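Below are two complexes that have chain A in common, paired first with chain B and then with chain C.
Moving on, here comes the complex of A and B:
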């Protein structure tokens, strides 16, 4: 799920960069209320960066205004971007330390090694 | 009584790697059912399960406690459990309606800041068996090894829950009599949470109970 991009890896490393070796496109029922509810909780810039990292052919406006949050076309694009693209295999990369968190079968492994626990 | 989610896709082979739902799992389901109205009233939107194992609890909640689409986070340190949770969610056809994010990690470690005060419902069937330490090597041991008094992991979960819970958020957890309710109450109070026993059950070998935590 693209929403996993809004996770935080280490103390200050946000957002994580995404590198995808295998992407999947899945079909999820569009639910306007769900998207409208989720959008305010998303770091929009981080999402745009993710879409860019992954080279998705989706154009997201530079900023997300109040009016845009009501716009059906925008909401449908957000639905597609947030829910219908899945990174099956790849990595999340901390922008601060370069630490890589592998993604396998759509599940990121964010377990810290003993040496990384402060 | 709500039917148990379909687990027919999981085999003996899977249960060698992940926790096979047992009396404690079903006690949690029963406790949640008891609290159905209270939970529905909160209209939970963001739901978090610590140690999802087979995915039974997350799937059950998605199926019966969410009238609209919700955002789920299910974590486990065991990668087989993570994958099993994904399969169980799909087997019960919930992946088209809800958004489930599965992460292999230790409790809410990578999410604690971003989800601070945002989680409406937290679920946990913890490793609660008193053992010498909870830091055990075998993956299957980690499903039950609770360390001293069986509460090493529970203590951390309670502390994290106090940061994750939204103002009206609810946290349900299974515990064993040996975990000592008074200790749990002490831990809850230390982080500003109220605790109540919701349900108790005695099996042949264990005395289990389910507690509910919420902000004071």
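Moving on, here comes the complex of A and C:
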């Protein structure tokens, strides 16, 4: 899940929508310091949108305040959402053009066709 | 972790079985990777607790080394699905699935939207192809890419993606050219070491280039600079 958040930010400049055909729930050791370090770097709105797209049963507050970033419950939820959900098969979809980028074995394929490169 | 220990762990990273000549694929050796990342951490504190990007991740050698030295998380990019599959298997071997994420992308083709607000990696690490050979795939900008060198292309992306520093390898013969670019792109540049590199000697004109592999090609020795670039402008707007 972390990748899709980053890609939303970097590759297209605006959030890509995400669709999953196969999701995996994995168990990852909770590292509070790591989560605390990483959440200020996250595009929070994009992450909430992804959680929504995927219909995950996790509730993320509308905004991420300073106090929230210290809250253990919130950090644990962020840990789950960022690290424990993996889209194995699915798609990232450009909201502007509808162009679909397939995700296979957890790897998004951002390769462009010759005709797409201006 | 000591340097020798790191190098020893990295000896378990599996190499390409069918390296693609036209992509200039070869594995960064455990010896070199260990020294690059060990230096980046012990001398500059650029690895531990940081977010990294590995451009042209290949076998995953540099990223695995970085995780062993406690990088927080790494995003690895490569254009070749076979390399990415090998990388994934190496990542599994080291149990680093939740630390390294892979993305398939072609840095020759993407028009990266340069949005400085979205710089997300502290450090970029890479062993880019050197572009000593012309590409056989037909892109409209092929000539341009051959002239500028694919490694400069990689460096340009690295510059857009890094918040603090970039660790890269470039041919010593291009050093002056790179100094100029670094200056233009507002980066400090430090040549940390000069190395003799043995890369598979790949001839320019061969009809079977797309199918031949580099694994059995004779080796050619070139001088390579291990360079650290430091981003100078740290504007936070």
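Keep in mind that, in the parts below, the second predicted complex is superposed on the first by the 109 of 118 C-alpha atoms of A that agree within 3 Å, B and C clash if a C-alpha of one lies under 4 Å from a C-alpha of the other, contacts with A are read in each partner's own complex, and residues count from 1 in each chain.
Methods note: contacts are C-beta pairs under 8 Å (C-beta built on N, C-alpha and C of every residue); 3 or more make two chains touch, one makes a residue touch a chain.
Source: prediction; values computed, not measured.
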Next on the checklist: A:28 in the overlay: touching chain B, chain C, both, or neither? Say first, second, both or neither.
Outcome noted: both
Checklist entry - Regarding the shared-chain residue A:46, is it in contact with chain B (first), chain C (second), both, or neither? => result neither
Checklist entry - So, A:38: does it touch chain B (first), chain C (second), both, or neither? => result both
Checklist entry - Touching A:105 in the superposition: chain B (first), chain C (second), both, neither? => result both
Checklist entry - If you lay the two complexes on top of each other, which residues of chain A touch chain B in one and chain C in the other? => result 3, 6-7, 9, 26, 28, 34, 37-38, 41, 83, 105-112
Next on the checklist: Residue numbers of chain A touching chain B in their complex, please.
Outcome noted: 1, 3-4, 6-9, 14, 26-29, 31, 33-34, 37-38, 41, 82-83, 104-112
Checklist outcome for this item: Within their complex, chain A touches chain C through residues 2-3, 6-7, 9-13, 26, 28, 34, 37-38, 41, 83, 105-112, 114, 117-118
Checklist entry - Within the complex, which stretch of chain C touches chain A? => result 49, 51, 72-73, 75, 79, 81, 84-85, 88, 97-98, 101-106, 109-113, 115, 118, 120, 139, 161
Checklist entry - Any idea which chain B residues touch chain A in the complex? => result 45, 68-71, 77, 79, 82-83, 86, 95-97, 99-106, 109-111, 113-114, 118
